[in-house]
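Here you go, one structure.
By letter and in written order, the chains are A, B, C and D; residue numbering begins at 1 in each of them.
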Amino acid sequence: MEQFFQVLLSGLATGSIYALAAIGFTLIWQAAQTVNFAQGEFVMLPAFFLLAGMHFLGMPFWMALIFGLLLAVFVLGFLFKRVLVDPLLKHGGLSLIIATMALAILMKESVKEFYSAEAQPFPEIVPNGSWDISGVIVSLTDISHLFISAVIVIGLQLFLNRTRTGRCMQATAQNPGVAEILGVNVKRMVLYTFLINGVLAALASFLITPVYLAKFSNGEYLGLIAFIAAIVGGFNQIRGALAGGLLIGVLDNMTATYITAEYRQAVPLLLLIAVILFRPQGLLGTSEGREA
Amino acid sequence: MLEIKDLYGGYGKITILNGVNCEIHTGAITTVIGPNGAGKSTVFKAIFGLLNVHSGAINFQGKNLVGMSPAQIIAEGVTYVPQGRNVVPQLSVYHNLELGGITAKDQSMVKRRIDEVMEIFPALREHQDRKAIDLSGGQQKQLEIARALLLDPKLMLIDEPSIGLSPNLVKEVFATLQRLRDNGVTVLMVEQNAKAALAMSDYGLVLELGQVRMHDKADVLLNDPRVGRLFLGGSMDEE
Amino acid sequence: MMTKRNMWLLAGLIALILAPLGQGNYVVYTLCSWLIFSMAAMGLNLTLGYAGQISLAQSAFMAIGAYTTALLTLPPAEDGVGGLGLHWLVAMPISVFAAFVVGLIIGFPALRVKGHFLAFVTLAFTTLTFLVLRNEDWLTGGTYGLVGMPRPDFGFFNTGKQLRFYYFTLAVFVVFCLLMWGIIRSPWGRAFKALRENSIRAESLGVDTRRITLLAFAIGSAAGGLAGSLVAPLVQFIEPGSFALVHSLKMLLMVVVGGAGFFFGPVIGAGVVILMPEFLRFTEGYYLMIYAATVIVLIIFCPKGLIGLGEIIRNKLRKDKKVRGDMDKGAQL
Amino acid sequence: MIKKLLGATALSVAMASTAIADTVKIGFVGELSGGGAPAGTQYRDGALLAVDEINAAGGILGKQIEVSLYDTQTDPQTSRALVQKAIDEDAYVVWGTVYSSSTIVNMLVAQQNGVPQIVGAEAPNITQKGNPYVFRTAYGAHRGVPALTGYFRDTLKAKNVAVAWVNNEFGKGGHDVFIKEMAKVGINVTADIPSEAGAADFAADVSRIKEANVDAVFVYLHEEESARFLREAKKQNLQPKLVGEVTLTGQKVIDLAGDAANGAVAHVGLTAEANIESIKEFGAKFEKKYGHKTDHNGIKGYVAAYATKYVTEMNGSFDQEKFAQTMHGLTLDVAKYPGMLLTTSWDQDGELSRESFMVEVVDGKQVVTTTVAAN
């Protein structure tokens, strides 16, 4: 039983970080109707911004953290939209999706060539420490991952629901045609979405890299998982992505513990296929949410 | 108040409007009819800045709207209700209404106006905290019209308001439009259901191949045999 | 009648026949892989270029073709994983058919749902295929793979030597191109083209877009199976890693770089991907970076790929002359 | 377009084959990009360091070494093509690859062409296929893992053990040997846990080991995964001794795992930290030239280059067949052949043996606890 709770807790903690990446995915999907195949690399990169800030620019940790965050927002939010998304959107979603696949390769290779091919240690954001609660080791890292992710998600929900800008973003995402005729600055709202995705990617990066270690290939699996989480949870709902992330995190760990290690990766994939076939709007998604 | 002069325009390089000329009567309801592909909805999009205008002018109260963004056009006092569903599905009725005033600087005024339009549409007040997607089709259309009224427009463009509504609801929507006209709003409407629309309108305008063919009092058009043959005959029950 | 287009095709074929003469084994080997990947990419082009759907399963279909061929052609083993010792001519059609059937099974449900869900389903399928190949070592040799697939011997023509294997591959390639050509000119093919030009209009003309897309996908999968069936005797070693997701991505980019929807686009794309490392040797590790960046630039500025780029350049050079209509058609068939 | 491409290919090949008479060509075929790049680039750097030294000292039999680098992108099929290319371009010996999956494919080509190949790969089956042209620079897992059997049985007195291994040809090789060895000495393997290469989340793995109640754990993972495993083990307070082969106590693992690496034990064939003058000196030279530390792959590359020199000079000619013959059953004593860093022997299969070490991580440093004699 201790094992069950141990694995559950670990799964939730990892899943909460998957959720951050998955939410970004969902936002981009809504704002630009595109699938960002580079989302995993978006989570991989900010950690290297932070490391570069510390090691090349000699910044103290907290300053490098802010530096990494801002650079991520600029590069992954602003530049990504301006350089790639804007010119490609008019060619249709297909070109853009393929371009993000190429972008993923470009980002991975660039980090490998310009930073390092080897994994790098990454400073802990959260201090070490753990409690033993009747056999279950509860670490500060796990708890804070869950807590920080929850705060981010709640904050984002509040922003989207309680502020006028947030509601304009929702309008843009759910019905861009209407947002435009109401005089919403649709372009700016779409930009905000990309910037928020940059923030989410950076935060996910800073939280997960102490565990995963900074490596150029980190995004491969993370991207896939975020992707599955978003589809399984429901592409048009933030809470869908959140639930999807947590579900996949737990399911992955439970599978590895109780069922099979060899086919561990298969379980999320099978879930993905099942959801696409039987409930394409996702477990929590609403199918009539947007006019396609 | 609205005068369209030699308007040419379309999507990309495809031209749909081939020199539209007309002057809309202030404070009246004018219905635009015409066959499919005549450019009815396209005229609306052109007025509202959503279209490539190749040449020509759209003068509204002495200002040329060509080249303005939707936000600027709203500020001039024009509002637009496109066809189909136009609510933001996951936002509440109240917040949908609020979006109607998103371009306004004075948000306390927007709050007041929301109250006022909800007076006109009591069903919206009743459901103000529900998600727009959960309203009935007729209520959603009411919501769209109410939202369009939020900034007290002088001209309302409304495209196919009857689509998907039951005959009773259509009557209700038409009555609403007449009430608006009586309060001084100029209404320009595109309607598939031409007979019923002309019957409640003051003026009618026939558009064909991107040009204005006829523009007269509604009852004159209703009794015109050519119009009857072309647009009123079977079109009532088509769809 | 010898049209200009046919002359170009003939010149291309002669170039392909002459290409390996006097070259080292490595160049000949690379030319073989180019032809094989061209076929796989041409199959993928049906799905991407004509039906406008992203498939990330082409490497999985190659795996199906390669493993089927390997298991059928390998000699029976006393211990461990062995095969049936059949001739390649028997193994190949079975491999192609297997890929075709699996393509139908995967594509049918995936294409029922709107949007780019085929991309997700095929992505999952490729990874699942990898896991099965890796874990079921009683059948596939697991992570160690299968070694020593024989190269086909046609009695009068044994393909054991590299150069001979190249001509064997070239012959398969030419037959394959003729078949594809036939498919594209058939009523189905006309439906593909209608689909590419305007899917909404195609639908209104009574084309069942879903069925045609499924067919395009399954035929494309069969092409992947054929390519796999050639990879097994070419490399004489297969292992799960050679058919991982990244190879599907690579093939997808081949199609885009060459020019999606153009008959010979994938051939050029495969040429760039497989031959470019040769010319960019000085770039060493930067090769993949340059490649990815090129793809992005190409997609932004010339979405029709290198063939499209060729067209633009040609049109610029001959601004005064009217571009011949048949050339346009010749490139885009 | 096609003709142009082909023309250019022909040109580049022609240029490459106009070799200058007083050089000897070596083909370096390795993982310079892709997932294997960290290992492949180390192997390359080690080899090139040796090449510089050898050339500065007059080359091999008076000929300067000219190394052509071929990047496999960590793809076995590419590596096969590139070994072919290196041979087409008259490589005398091929160095690499480090990844076993690539070596298994491309060694067929070198064998068919009769070109000796000195590899960094460690999968057991490489030297079990009767290929007379393949030679290792580190012994395979089937030699290394049995060296640990005594440690499990006698030192730890283990009854039940767990094994955590990476599910690829590297890990499976070690895993299979380990299972056999444990069966031989009657130790139960009660938890057998594979993980994917590149796996990041070891929570479930560690938790299963914990539940299995074992006396020791054999950890056979790549460097990064080892580090992640160690951190998770520390987090979950895993008590049994963690024992590895080569990778677990590597400097990279210690850097990445921090104090979670303390207490880990491994049997190491080559370590840059070994308290041996020759290796320390090599480590210093390496760090001076490249600005970063070497690992065992750097040593392997260095040794590959020197073995090529010594064996050729022993033969007195650049005869490839003779090279292979000489190397079988050869012992190079470090006293006479300092470039080998340690006395090294090859058997009839190209398998290598030399002395090795038991290493424990103490306060973030590798400490050699025992030296294991060559077998």
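Simple rule for what comes next: contacts are C-beta pairs under 8 Å (C-beta built on N, C-alpha and C of every residue); 3 or more make two chains touch, one makes a residue touch a chain.
Quick caveat, the model's predicted, so the values are computed rather than measured.
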Any idea which chain sits dead centre by C-alpha averages?
-> A
Farthest chain (mean CA position) relative to chain A = B
Would you say C-D or A-B is joined by more C-beta pairs in contact?
-> C-D
In whole angstrom, the CA-centroid distance of chain B from chain C equals 53
Find the geometric centre of each of chain A and chain B from their Cα atoms only, then give the gap between the two centres in Å, rounded to an integer.
-> 42
Whole-Å gap separating chain A and chain D, where each centre is the average of the chain's CA atoms | 36
Check each residue of chain D and list the ones that touch at least two other chains.
-> 33, 37, 167
List, in ascending order, every residue of chain A touching at least 2 other chains.
-> 109, 112, 262, 265
In chain C, what residues contact two or more other chains?
-> 134-135, 285, 288
Each pair of chains that touches, named by its two labels | A-B, A-C, A-D, C-D
Counting only contacts in the complex, chain D reaches chain C at residues 1-3, 5-6, 8-10, 12-13, 32-33, 37, 69, 71, 73, 75-77, 80-82, 84-85, 87-89, 101, 104-105, 108, 125, 167-169, 172
Chain A residues within the chain B interface of the complex | 164, 167-168, 170-171, 174-175, 177-185, 286, 288-291
Touching residues on chain C, where the partner in the complex is chain D = 12, 15-16, 19, 22-27, 29-30, 33, 134-135, 142-145, 147, 231, 235-237, 239, 241-242, 268, 271, 275, 277-279, 281, 284-285, 287-288, 310
How about chain D: which of its residues touch chain A in the complex?
-> 33, 35, 37-38, 41, 167, 193-196, 198, 200-201, 203-205, 207-208, 210-211, 223-224, 227-228, 231, 235-237, 252, 255-256, 258
Listed in rising order, the residues of chain B that touch chain A in the complex are 48, 50, 69-71, 74, 80, 82, 84-91, 95, 98-100, 102-103, 107, 133, 147
